[in-house]
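We call the chains A, B, C, D and E, going by the order they appear; numbering starts again at 1 in every chain.
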Amino acid sequence: AQRSSTTPPGVLNVGQISNSLAFFPLFVAEQKGYFAEEGVKLGERPRLGTGAKVAAALKSGSIDLGAGVMTDALNLARIDDKGRLVANLVDRYYVDVVVGASFAGASPSDPLDQRIRALRGKKIGITGPGSGTEALVTYLFAKAGMNSATDSELVNLGSTAAAALGALKGGRVDALAFFQPIAQQATAAGIGVRFISPAAGDVPGLERTSHGVVFTTQRIIDKKPKEVAAFQNALGRAQRFIHQADTGEIIRLLGLYLKGIDPKALTELPALMRSEIPESIGFSRSSFDTAIGFHRVTGLVKHLPSYEQIVPPALRTNAT
Amino acid sequence: MSDTVTSETVIEVSGLGKQFVKDAVGIVALRDFDLTIAQGSFVTVLGRSGCGKSTMLNLLAGLTTPTSGTVSYRGRPVAGPRTEVGYLTQSDTLMPWRSVHKNVELPLEIAGVPAQRRTEHAAELIGKVGLEGFERHYPRELSGGMRRRVSLARMLAGDPETLLMDEPFGALDAQLRGELQAELLRLWADGGQTVVFVTHDIEEALLLGDRVVVLGPVGRIVLDRPIDLPRPRDADELRIDPEFVALHRELTAALREGAR
Amino acid sequence: MTAIQTVRLDRSWWGRHGGTATVWSLRALLVVALLVVWELTAERWFDITFTSKPSDIWTRLVQWHQDGTLWSNTWITVQEVVYGFLLGAAAGALTGFVLASARAFYQVLDPFIMALYAIPKVALAPLFIVWFGIGMSMKVLLAAATVFFLVFLNVAAGVREVDRGLIDAVRLMGGGRRDILVKVVVPSSMTGLLTGLKVAIPYALIGAVIGELVASNRGLGYLINDAAAQFDTAGVFATLVVLSVIAALLNLVVGLLDRRASRWKPLGEER
Amino acid sequence: MTAIQTVRLDRSWWGRHGGTATVWSLRALLVVALLVVWELTAERWFDITFTSKPSDIWTRLVQWHQDGTLWSNTWITVQEVVYGFLLGAAAGALTGFVLASARAFYQVLDPFIMALYAIPKVALAPLFIVWFGIGMSMKVLLAAATVFFLVFLNVAAGVREVDRGLIDAVRLMGGGRRDILVKVVVPSSMTGLLTGLKVAIPYALIGAVIGELVASNRGLGYLINDAAAQFDTAGVFATLVVLSVIAALLNLVVGLLDRRASRWKPLGEER
Amino acid sequence: MSDTVTSETVIEVSGLGKQFVKDAVGIVALRDFDLTIAQGSFVTVLGRSGCGKSTMLNLLAGLTTPTSGTVSYRGRPVAGPRTEVGYLTQSDTLMPWRSVHKNVELPLEIAGVPAQRRTEHAAELIGKVGLEGFERHYPRELSGGMRRRVSLARMLAGDPETLLMDEPFGALDAQLRGELQAELLRLWADGGQTVVFVTHDIEEALLLGDRVVVLGPVGRIVLDRPIDLPRPRDADELRIDPEFVALHRELTAALREGAR
């Protein structure tokens, strides 16, 4: 049952995991009409929830491109040696650790090691097993010489913020490892505060890492080269736009993107976006290697591919 | 009928009417029906199929509410079924999931009789209706007549002082019917119960009743007369008794008239 | 012979519709009471960030109504639900009537059916995507799959209860399997079918919504997910309100079917 | 009087258990056939990354058995399922018997019950977490909530069908509401109750698993989630196999109850 | 009985036995039963309640399979119900969701008779059993006797050449019974049907049959004799006819003997 793309020429279906901040560039490109200008139409835009389902959709030909985290791309490459990266959306590890407002162990201003040790023996909410949120906890604990499996209790809360915040507020978990903007949402609702944020440079060695990516298979790239190129150009323009446009415009677009989010949570986001979203869609070898290293340490994916294998030549940038 | 309710009147019915609603018209099953039944009497009721006999018994038993008129039992209006009244309905209402024994025990269970006494009493009644050996059978494993007898035993288990019976012996063979008729009469003679007995068999009506009521359409009373044949009455002898033959003619004529 | 005697009934509007009117006004009263209590106690008794309150929900509904979000998404879900329900119910009823009449066969298959039925469909989401894609058909099938089992099992139970005597009556008239099915089994197990339909309505909705949670960019499931992801509790509840209304409407339809099919039954007015 | 005539039946083992034996061997045959076909066609007809194959699933089960993963997680889910099922079924049956006997009251409440029933429980996961935490009780309640409605609605439908004549018979014996309930309504609507139980079994499982998907680090739901995240299709299917086995066992229990409760019914052996 | 199956034999039963299984013992309902019924005969069957009459009719109709022995219809073994045979069962099997009219139409529907003819034929039969005006009623809206008459009409609608009737008139009043008996006899005289008629009423058995069979326990044949009272037989006249009285005595005695 290896079906190839079911979309007509000139159209790409892009499946994404969720409406998280990482996929803001896609939204911007759509809003600004960049896709149309570059000559590609976006068809279905399903939210699929997990990497496994993105992979399933890719394999069934329902979607042409998948937008998710690096882990999903690497997993796809593992089961299908034709897996390829298409664009780098976020070059930071955009998962934050948040603790309840009354968390006693340590304060966010303490040294990293102390903050990690304060999580020992606590219940930490994650989105699910094998996810990037679990991986971050594993990574942090390993950094402090602990083992997350034995030194903490990881609880799967699913990937909606409401459930996670509910658990934190109700005292069912002591901390959350969750996608951004969880920290901003928690602060706005008065539920918790940001505790550890790799994206903000809290974690040495994990400052820059390819994390939010668009990926597909070589088959699609071969079948729809023009459309994929146009898609990449449009995304590149969107990412440049995010860096160049004024803050008010970004806030307006974010407001449209994250309908229903607390306005208080919105104000901090433009700066965050600019620091996390790279100006181009390319993958630098260092970011990529950081990601590979991270996956190796956390054991998320067995059999990791090489840079040359999954980053197409056009996307190999040499910026450090 | 009687203007003053004497201490002897058990059931008094006046102006009773019953309509069923169907497709926005009212189907009259009983209209302006009056009847007074004295304590200890044995009233047999005859009438054409569909003339309202079962409807009347349902009302007497308090199972349905009349559209008009009142039923009173010992001077008090009947609002619902009463324990003193036993009613053997025309259709079978045995609990299909209970064995014969358990079915006969049911009224005793409800009355709170202890298990030991219940079992004994039920076994005795099952014997009386000729069903020993079938205690553990379920109703569907019995013949039509056997089911009818179980119903009879169940009604008797409640030990009612007034018995309403809707064609109790219609499905039984001549001999068994005779035996059960005799049993019923013995019970009645001993205990002073009041019996209202619907039947289609003119002979049976004459053999049992000391008063016979013939109903016409919608419960109009065509004939209401005492039967003073001497008791005990023997079916074979009666059949050639001139008084009996005359009564039989009279009732047949009344029934025929009621048909008009 | 027994001539039928009838009287015209001169019943007033109240006499004919009084019962229905009372029931509906009591229901309305209950809705209002619930809403008022919820609104008043929302901040004191509950955690409003997770339970929201009626006025907020209403605001969100109005807002969605104005920007069209509400109707476009509802329309999609309604389509999925209706198609899924019809498909699942038809397949379930048919299979139920046929399988339950072939008793021995059914007995052999029963554990397999139950095993299939017991599999959480969410766990099969990737398979559903591979086989049926991410379009509407996937959601319709997910809804239909859930409805199927509920209708099937209820119908099968109804068929088992059919009075043997009635079947025999048709056999005596020379009726074959088809006649028995059409003239006895189907009408007689109507209660089973209707219970199955009633029980399945919510699962048609839940199936479609789960399908939308699995893969969608439209529909009420998507709205719920989106609202939950933004921590927009009022949005979640607004969607739930819409879902409940759809369920209530479908329930009304099944109720009407029930009333039509039960015309021959005693009203049980007196107790 | 009519003396009962009986004969001793000298039936062989086969005469008494032949039917059951045949049914079970046919079932076993079917299982084997299915597995063989699946195994042989897995690579050719299906995409093995999404459908796995029996030998892989078996390997995974053996592996999980050896490292203890299987039993510890299964035990947790079984507990949740059993508690949830018992709780939901008891509450549903009780409510069904009581509410359906109070007809007018039920009629008023019906749309509310259906509205509650139609809400996808997943959407309420945050509320469940806030109210009931992430422990076992939350999953038990989630399972119970689903079971409740299915049992309730089936029982209510069964109660509606109770023969008026039987109720009247008990009333004539001086029985009150309680007697009517215990002596007539409950035994007579046994089919409804049993259908409800049968239909609800899988939902007890699904409820518990959904609960584990939402908030857990143990149980079969967690295993599914874990396996799915690692693209371990064999793991997902291995868990589904375990779930199906639990469902089949519960189904067997309900089947035994059914057989006990239906002893008085005709066997319908001949057709 | 007859060694060769003549062309006149409609139903031939030999060595028929039927056991029901209950709790691992077999309940014998019928044992070693033999009977031959000739074309065009009117056989009435009498017997105690529970002696196996209905079981026998079920077997004749092909509704149940015998434990031993065979039933053959016109020389061919009976494996299932046949269209030529009409069977009025003892218990009510009207479809509760069909109106009277629709119930009577049912056999015609199954036979594929066009709607127009169906309606006419059904209306005619409903008239014959005295139920005009009740066409649109559902069975539960009828009295017991009315339901019985609908069943009768339904059976006749199938236009069977052999009629098996299990206590068809037991629930009807004397007059109506007389009318329907007359109707049945007219039908029989005109159409040459074969009738097997189970009843509890000795008088009815004598009034209708040209052969009467009395059954004892488990279907043992106690008496099997032709009735050669001249036809038409009038109930009132018969009752004083010495031959009738003698026959009545004989049957009563046979029944009593059968009870032992």
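Basically, a residue touches a chain if its C-beta (ideal position, glycine included) is under 8 Å from a C-beta of that chain, and two chains touch if they have at least 3 such contacts.
Which chain is which protein? Per UniProt: B, E = NitT/TauT family transport system ATP-binding protein; C, D = NitT/TauT family transport system permease protein.
Fair warning: this is a prediction, and the values are worked out from it, not measured in the lab.
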| item | value |
| --- | --- |
| Contact distance in steps, from chain A to chain B | 2 |
| Shared chain contacts [chain A and chain E, defined touch] | C, D |
| Remotest chain, chain B as reference, centres from CA atoms | A |
| Interface numbering overlap (same over half, different under half) for chain C and chain D | same |
| Pair of chains ranked first by number of touching C-beta pairs | C-D |
| Distance from the mean Cα position of chain E to that of chain B, given in whole angstrom | 28 |
| Centre-to-centre distance between chain D and chain C (centres being mean Cα positions), rounded to whole Å | 19 |
| Averaged-CA centre spacing for the pair chain E and chain D, given as whole angstrom | 48 |
| Chain E, residues touching no fewer than two other chains | 27, 48-50, 91, 146, 176, 259 |
| Chain A residues counted as touching two or more neighbouring chains | 1, 52, 55-56, 59, 160, 162-163, 165-166, 169 |
| Set of chain C residues in contact with two or more other chains | 1-4, 47, 50, 126-127, 130, 213, 228, 233, 236, 266 |
| Pairs of chains in contact (touch as defined earlier), listed by label | A-C, A-D, B-C, B-D, B-E, C-D, C-E, D-E |
| Complex interface listing, chain B residues touching chain E | 20, 22-23, 27, 46-50, 53-54, 90-91, 136-137, 141-146, 148-149, 167, 170-177, 200-202, 239, 252, 255-256, 259 |
| Chain C residues touching chain B - in the complex, by the definition given at the top | 1-9, 11, 270 |
| Contact footprint of chain D on chain C as seen in their complex | 23, 26-27, 30, 47, 50-51, 103-104, 107-112, 114-120, 122-124, 126-127, 130, 149-150, 153-154, 157, 160-161, 164, 191-192, 194-195, 198-199, 201-202, 205-206, 209-210, 213, 221, 224, 228, 233, 236, 239-240, 243-248, 251, 266, 268, 271 |
| Residues of chain C that touch chain A when the two form their complex | 47, 49-50, 60, 125-127, 129-131, 133-135, 213-217, 222, 225-236 |
| Of chain A, residues touching chain D in the complex | 1-2, 50-52, 55-56, 59, 75, 78-80, 128-131, 153-158, 160, 162-163, 165-167, 169-170, 172-173 |
